[in-house]
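Two complexes are shown next, each including chain A; its partner changes from chain B in the first to chain C in the second.
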Partner chain A sequence: MSALIDSLVYASMIYMASLGLVIVFGLMDVFNLAQGAFFGLGAYLFVTLYYVTGNLPLSLIVTATIGFIIGFLTERLLIRPIYGNPLAQLLLTMGLLTLLVTFMQLLWPSGLVFPETGDFMLSGYVTLSSISIRVYKFVVIAVGFTLFALVNTILSKTMLGIKLRSGTENRELAAIFGVNISRLFTLSFSTAVALALLGGAFVAPLTHATPDLPVHFSLLAFAIPVVGGMKSYSGAFYASLLIGFIDRFTAYFVPWLTFAVDLLVMIIVLIIKPEGLFER
Partner chain B sequence: MVERIKGIALPQRFLGYAVVSLMMLLPWLDRSLATALPLALVWGMLALSYNVLLGFAGVPSFGHALPFGLGAFLTAILLRAGFPYLFTIIIAGLAAALAYVAMGLPAYRVKGLYYGILTLATAEAVRSAIESYARTTVAITVGTIPEFTSVAGLYLYLVVFTMFSILTLASGIMGFIYSKRTALKVFKAVLLALITGLLVFGLYSAYTSTYSFLVQLEETLPYVKMIRFLYPLNLYFVSLMMLYISYYIIKRIVTSPLGSSFIAIRENPVRASVIGYNVFTHQLAAFFASGLFAGISGSIYVAVIPTVMPDVFATDKTFIALTGAIIGGLGTLVGPVVGGVIAGILRDYLSNITPALITAGWISQQQAQLIPSFMLGVIYIGVVLGLPYGIWGTWLLKGWKLKRRIEKLLGFETS
Partner chain C sequence: MSNTPEPILSVKEVHTYISGFHILQGVSFQVERLSVTAILGRNGVGKTTTLKTIMGLYKPSKGTVVFKGENVTGQPPYYITRKGISFVPSEKNIFSTLTVDENLKLAYNGPKDKISDKLELVYSLFPELKKFSGLRAGMLSGGQQRMLALACGMIREHDLLILDEPSEGLSPMYVKNFFRRLKLFTAENKKSVLLVEQNFAFAREITDYIYLMDKGVVVTGFSAGEIDQRQDVIRRILGVSL
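The block that comes next holds the complex of A and B.
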C-alpha cells in the first residue's frame, strides 16, 4: 500500500520534471538536456523564497514567474542562435546542464531543508489501514494527475493546443497555414521551463532540496520521453507511471539498485525500441 | 640511413619538436609548474581522446567519464596490489578500451541524440551503483608510486630533453637553409636564435641542478628531500611523454585511410555505407582508440591525484573533455590538446584565486572548489555560441588570411 502510493508520488514527480521536455522536443526538435536542472533550480528557489516570505502561494507564483523569465531569456539568447543545428544544441544544453548544477551547488552548497510547518497539508500525517502516510504525498499525486488532465484538455480543446499539435505533426505545413511557429516556440519553451521550476517547487517539501536532486532528476527526466516516445504527450504520462512503479518496487527489494534500475529501463528501451514504447 | 636521419629532422617538424622541448624546459625554470601542469596535461589527453570520437567519427558520446574512471580505478587497484606502473597503464588502457567498445555496441541501433542520452545515463548509472553499493564513499589511496622515485627516470628525462633539443635545432637549421627569401631567412634566424638561447639556458640549468642533486645524494640527502626533487619531475615527464605519444598515435590514425573513412562517416553515414564502408565497425574502432587513451589518461590522473573516488565517473569529467575539445576545436588534431590544457590551466589558475575570496569571507571552502567549473561552463557556452569551430579550427579557417597579410608585411608573396 505504502509502496503503491510512493510509486504514484514518484511518477507524478517525474512527470512534472519531463513534461516541458516533451513539449519543446515535439515542437522544435530541440532536446533540452538542462530541463532537469531547471527542475532542481525550482526546488532550491522555492525553498529559499519560502524562507524569505513564509508565504506558500506567493512563493509558488514567484517561482513560476522567474521560471518563465529564465525560459524566455534562455530561448532568446542561447537557443535561437543555434536553431536548426542539432549537434550544437546538444552541446549547448549539455553545457547549460553542468553550469546550472554547478551554480546550484555553488549557491546552496549543502542543500536546503524545507522547514517543518504546522500546516496539515504540508507536513501532516494521515493513518490509512494502520500505515501513517504523509498528506502531502496525496497533494503531489493530485497535482500530477491534474497536470495530465490539464495538458490533455489544452491540447484537445483550445486553439493553442491545436497549434501545438499541428506544429508537432508537421512544422512546415503548420507554418504555411499561418501558425507563427517561432513565437509559439518561444512561448512553449518559456512555459516548459516555468513548468519545470514549478514541478521542482511542488516536490521540494517532500524530498527537500538535496545537492543531488538536480542530477538525479535530470537523468530521470530524459528517461521519460525516451521510454514514452519522444513526441508523445500521453506517452510521457504512462512512461512516468511505469518508471515510478519500477523504481519504488526495486527500492523495496534491492535498495542499492534503485536509481540505476531506472536508467537500465531507459537503456533497454533505447536498444530495443529507440522510438519509444507509445505511439503519438 | 642518412636519408632516414634527414627525414627525422625535416623542417616541417620544427614546430612540433620546438613545442615539446620547450615544454620539457618549463620545470627547470619554475619548479612549481612541474607540480601544477601534469593535471592540465591529463585533461589535454582526455580531450584528445574525446575528439577521436566526437570530432572524427562523429558519435556524440556523453559517457566519456566511463573509460576514464575505469582506467583510474583499475590503475589504483592494480597499484595497490603491487604491480609495476607501466604494466598497469597498459592494462587500464586496454580494459577501458574494451569497456568503451561494449558501450559503443548500442550505437548500431541508437543514433545521435538518443545515443548521447544513453551514454550519459550509463556512466551515471555506473557511478550511482558503485556509490550506493558501497554505502560510504569508496576511496582508494595509492601513495607514492615507486617508479617515480628512481633516479633512472631523471636520466631518461635529461636524455630525451637533450634529444628533442638537438632535433629542434637540426630541423630549425634545415628550415633556415631551405628558405630562399631574405625576409623569411631573417625571421627564421631570429626565431631560431631565440629558441636556441632558451634551450641552451634550459639544458645548462637542468644539468647543473641535476649535478648538484647527485652530489647531495652522495652525501646522504634526506629521503623526503630526494622525493621532493624527483617525484614532480618524473611525473611531469611521464605525463608529457604520454600526451606526446598519444598525440602521435592519434595523428597517425587520423591521417591514415582509417581516419579518412572516420571523416566520411562523420560527414554522411548513409553515403559512407552505400559506398561500401562498414559504418558500425569503423565506429567501434573509434570507440576502441578513444577508450584506450581515455583509460591511459585515467591512470595518469591516479599518479597526479593519488586518491580515487567514485566521482571519477561523474559527468564533470565528461564535461572537462567536452570543454577541452570544444574550446580547442572539434575535428582538428592540435585543437583539443591545446583546449584541454588551457581548460586545465584555467581551472588551476582560478582555484588559485579563490583562496582570496575565502579569506574575504564571501564563500566557503566547498564552494571555492566549484567556482572554476562554473567559470569554465560560462566560457564553454560562449565558445559554442561564438566560435563554433573552436580556437584552433577558427585559426585554420581564418588564419590563412592573417598569414597572407603577415607575409605581405614581410615583403613576399607566396604562390
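The block that comes next holds the complex of A and C.
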C-alpha cells in the first residue's frame, strides 16, 4: 500500500521534472541538460521564499514567475544563437547545469529543510489501513495527474496545442502555415523552465531541498524521454509512471538496487526499442 | 511583361546560396494581379528554391521580393504568410500527426467566426476529405494527402496562391478536375496564382503567363497566347514543346 502510494508520488515528481525537457526537445530539438538543475533551483527558491514569507501560494507563484523569467532570458540570450547546433547546445546546457549546481552548493551548502508546519495539507498525516501516510503525498499525486490532464487538453483541444504539435512534426511547414516559430520557441522554453522550478517547489515539502536533489532528478528526467519516446508528450507521463513504480517497488524489496534500476530500464529500452515505448 | 502598373508580386535579380552553392543567379519575374502565372523548367534549375526564397525560407544574398507594394525580402515565413501568400510545397506539405480537421484549422488564419463557412467551402471543393476529417492525415492515401495540402493552401486567407508541383502524385483525371476547380476558385475569390509545374499540359488551359527557367535564371517570359510563336525557345529550355 505504502509502496503503491510512494510509486505514484515518485511518478508525479519525475513527470514534473521531465515534462519541460520533453516539450523543449520535442519542439525545438534542444536537449536541455540543465532541466534537472532548474528543478533543484525551484526547490531551493521555494523553501527560501517560504521561510521569508510564510505564504505557500505566494511562494509558488513567485518561484514559477522567476522560472519563467530565467527561461525567457536563457532562451533569448543563450539558446537562440545556437539553434541547429546540437553539440553547442549540449555543451551550453551542460555548462548551465554545472553553473546552477555550483551556485546552489555555494548558496545553500548543506541544503534546506522544509519546516514542519501546522498545516494539515502540508505536514499532516492520515491513517489508511493502519499505515500513517503524509497527506501532502496525495497533493503531489493530484498535482502530477492534473498537470497531465491539463497538458493533454491543451495539446488536443487548443490552437496553441495544434501549433505545438505542428512545430514538433515539421518546423519549416509550421512557419509556412503562419506559425511564429521563434515566439513559440521562447514561450515553450520559458514555460518549460517555469514548470521545472514549479515541480521542484512542489516536491520540496517531501524531499526537502537536499544537495543531491538537482543531480538525482536530472538523471531521472533524462531517462523519461528515452523510455517514453523522444517526442512523445503523453509518453512522458506513462514513462514516469513506469519508472516511478519500478523504482519504488525495487526500493521496497531490494533497497540497495534503487536508482540503478531506473537507469537499467533506460538502457534496456535503448537496446530493445530505441524509439521509446510510446507513440506521439 | 504586361503594362499593368503594379504586379502583385515582383521578384528582382534574386541570388540565393544553399550551403555554398549559388542556386539562384539573378531571378527576375512578376505575377500580375488576378493572373495565373507558371514557372517551367527542368529538374534542378531552381524553381523550388525560387518559391522558398519568396516565402522567406531561404534568405537571398542579393535582390528583392516585393509583394503588394511592400518589400518583404528576408522577412520570416510566418510574416509573409500573414501578408497574404499561401504556399503549398511539393513534398511534406501536411502534418501527418494532426487530423485532417486540425491541418485545415491550423492553415486557416482569417476571422474566427468564418471558419466553419470556410471549412464547408473547402470540403465542397474536396468532398473526398470530408469523411476523413477526424482521421490523422498520415493515414490518408498519397493522393488524399495531396488534396489536403491543396485544401490547406486554399483555406488560408491569401491574395496569392503559390503551388509547387500541385499535380504530382495525382491521377491525370484528377489533375484535370483539379485545375478546373482551381480556376473557378481563383476567379470567384479574386486570387492570383503562381505555379511550378512539370505536367504543364494540364495547367496550360488556365495559365495566363509563362516564365521559363534554366540554370538558376529566368530565361524568358511571355503570355500564354504566344506559346506557339515561342516553340523554339521552349524546346531549347525544356527539351519538349508545349
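Everything below uses one rule, namely that the second predicted complex is superposed on the first by the 280 of 280 C-alpha atoms of A that agree within 3 Å, B and C clash if a C-alpha of one lies under 4 Å from a C-alpha of the other, contacts with A are read in each partner's own complex, and residues count from 1 in each chain.
Keep in mind that, in the parts below, contacts are C-beta pairs under 8 Å (C-beta built on N, C-alpha and C of every residue); 3 or more make two chains touch, one makes a residue touch a chain.
Keep in mind it's a predicted model, so treat the numbers as computed, not measured.
In the superposition on chain A, A:F31 contacts chain B only, with no contact to chain C. When the shared chain is aligned, chain C comes close enough to touch A:M159, but chain B does not. Judged by the touch definition given at the top, the superposed model places A:V135 against neither chain B nor chain C. Shared-chain residue A:L78: touches chain B; no touch with chain C. Which of chain B and chain C touches more residues of chain A is settled by the count: it is B.
Of the two partner chains, chain B is the only one touched by A:L257; chain C is not.
By the document's definition of touching, of the two partners only chain C reaches A:N170; chain B does not. Judged by the touch definition given at the top, the superposed model places A:G178 against chain C, while chain B stays out of reach. In the superposition on chain A, no chain A position is in contact with chain B in one complex as well as with chain C in the other. By the touch criterion given at the top, residues 31, 33, 78, 81-82, 86-88, 90-92, 94-99, 102-103, 105-106, 109-110, 215, 219, 222-223, 226, 255-260, 263-264, 266-267, 270-271, 274 of chain A touch chain B in their complex. Interface residues of chain A facing chain C in the complex, by the touch rule stated above, are 159, 162-163, 165-166, 168-170, 172-182, 280. Touching chain A in their complex are the following residues of chain C: 55, 57, 76-78, 81-82, 87, 89, 92-98, 102, 105-107, 109, 152, 156.
Interface residues of chain B, counted against chain A in their complex, comprise 60, 62, 106, 109-114, 116-118, 120-122, 124-126, 128-129, 132-133, 315-316, 319, 322-323, 326, 364, 366-367, 370-371, 373-374, 377-378, 380-381, 384-385, 388.
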